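Order of writing sets the labels: A, B and C. Residues in every chain begin at 1.
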């Protein structure tokens, strides 16, 4: 098969672009978790904040990704290095699933369990780390899974602004009108998305509270 | 000067609690003495659960004062207050992601007990509540309702608190299991002499388990009587309760196994 | 809590793996290029020279879609060298106004790139791919036209065609028309760059705005009018290279030096035509050119 031969022949570059892609996805998902999980916890405990925060994350989600890249290009510091910009944009897009699932997961903890914990004299942070988070972790991870799959797809567009990654093959293939090159980018990207979905899904199942 | 030996362990001084437009409790004044089992009896909405929660500050009064061991409980660090009390609720509220052993051992662990001591205590408590030692490694979803509730009691007793707060702990169980657990509760009390505040709507249970019964209706304390006094009471509310529960209550009123 | 400890080694491993994906460098040179024929021919020239004369592995990352993307790639170290044009670097990257003097433009770009980006320029390849205003060869000979000033007089009788970008740029058609007083019979037609030469030959238009090194110029007997008023800034092709690379591999300096002024306008036109017009393999075309030129540091 032509594509397979092409992939094997250019494996160094395929691996390099895949590594760049993973870097973009990994770092932005990590940032989104570092911001989104605490935010989700806060709005689960303070219901009044939940509407504005979720609405804000929702609005970001509706901005078309290429447009968001375009808006951010003229911003000083950010626009100077497209990988910074891409990571920021990818982080923003990963926020909604993570915040929303953290919120749902924490709200879904059985109130009787929480009351028992409080009545036993667990402090707020003990309650959070020993009861709420472990019970919500499976739902939170499912949000992370969605975020990662979205990020793998969006990162292909990041190549349009020069952030590297597998999208570079796709755009190159389009310019050369060469399907093999397009697929050399699209297929590994699709495989990455699948692997992430299955991998995080497995983790979810292992950690699902009984 | 009140005699320290008879000073109340828990005291309500003219406590009221209001939420939005509802007066949940009004002018509650009540004492609980050391070693007694005070039953808060009433129907839903009578304010009995709120009264219980005022003791461990899950709820704070709108006016009035709740005292535990002579100190207003709002002046004590709430974590220390709660760790000194066992809290048992309906359906046990066991942590589903912890084994029975970790459930029971949680408070001792955060209080810094050494591992060995916790393990020994867990085994001791399992025996006390009538559960086999193998149960320690099981998860709550693998237990029956009765077993779960026993674990709940064991968990509440783990750090050896002097006070036990129990909110309709046996209400969700089938009558046979309920009977077993009530019997075991009485045996436990004979051994441990904890100060217990027990909430229920079941008069039979109240008569069997309580040393005194505090009848509540619409947020007010109606009367506080011993079980024998209660079944003979002429108070309209008490009498209504007795009528509602039918015959054969005198035997339940005589404490001890039946 | 114990369950978390099970996952800790897995988590640390993934974090380590993730960090290793961060862009870095191995013992190789990555040559980039933009996504048009001339650019990847130049990229190929650089790549083959390095392969021929050093032990370094060369990776080609061609077809990057534009100046911004190449700039980003070289700043982040994803590529090490790529061919750029001095005029483009000055106006599009450094956002300054260009002058007409090629060496002035070259020096300014080199200076700014070195001080701001840690990049430097190799010597120019030798041709100037500036905008070329073309007319049919027969018309040039018949009317004795050599410069744009001379041709301006005939503009009212002619139809013109330009690419989209040239029409839109402020330093494109508007400035040209003002500088030379060009008034065409109708508003110029906007066409795809690739179709301009043919349209000129087929008499659909009489005046076209193309590129100086376009391979079809000699092939279709087209004539490039001289920019006597120096309206267009110089677009000398130069290799842009990361200073760190030259620091790590000083032998590359002489290689890039050896490529200086080796490609004339017409030689570039010929190579472009070989690839675009004759559909020959770019690597072959470059190999042949280098052999012919017998280039060695």
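Heads up, the rule we're going with is that contacts are C-beta pairs under 8 Å (C-beta built on N, C-alpha and C of every residue); 3 or more make two chains touch, one makes a residue touch a chain.
From a predicted model like this one, the values you see are computed outputs, not experimental measurements.
Novice: Take each protein chain as a node, join two nodes whenever their chains touch, and name the resulting shape: line, ring, star, complete or other.
Specialist: line
Novice: Based on the averaged CA atom positions, which chain is farthest from subunit C?
Specialist: Of all the other chains, the one whose centre lies farthest from subunit C is B.
Novice: Compute the distance, rounded to whole Å, between the mean C-alpha positions of subunit A and subunit C.
Specialist: 37
Novice: Which integer distance in Å separates the CA centroid of subunit B from that of subunit C?
Specialist: 84
Novice: If you average the CA atoms of subunit A and of subunit B, how many Å lie between those two points?
Specialist: The separation of the two C-alpha centroids amounts to 47 Å.
Novice: Which residues belonging to subunit A are in contact with no fewer than two other chains?
Specialist: 130, 134, in rising order.
Novice: Once bound in the complex, which stretches of subunit C touch subunit A?
Specialist: Subunit C residues touching subunit A: 1, 3, 7, 18, 20-23, 35, 59, 61-65, 68-73, 75-76, 78.
Novice: Inside the complex, what are the residues of subunit A that reach subunit B?
Specialist: 110, 112-113, 115-123, 126, 130-131, 134-135, 209-210
Novice: Quick check: in the complex, which residue numbers of subunit B touch subunit A?
Specialist: 56, 58, 78-85, 87, 89-97, 106-107, 110, 139-141, 152, 155-156, 165
Novice: Enumerate the contact residues on subunit A facing subunit C in the complex.
Specialist: On the subunit A side, the touching residues are 12-13, 16, 19-20, 22-23, 26-27, 30, 80-83, 130, 134, 159-164, 168, 171-172, 175-176, 203, 207.
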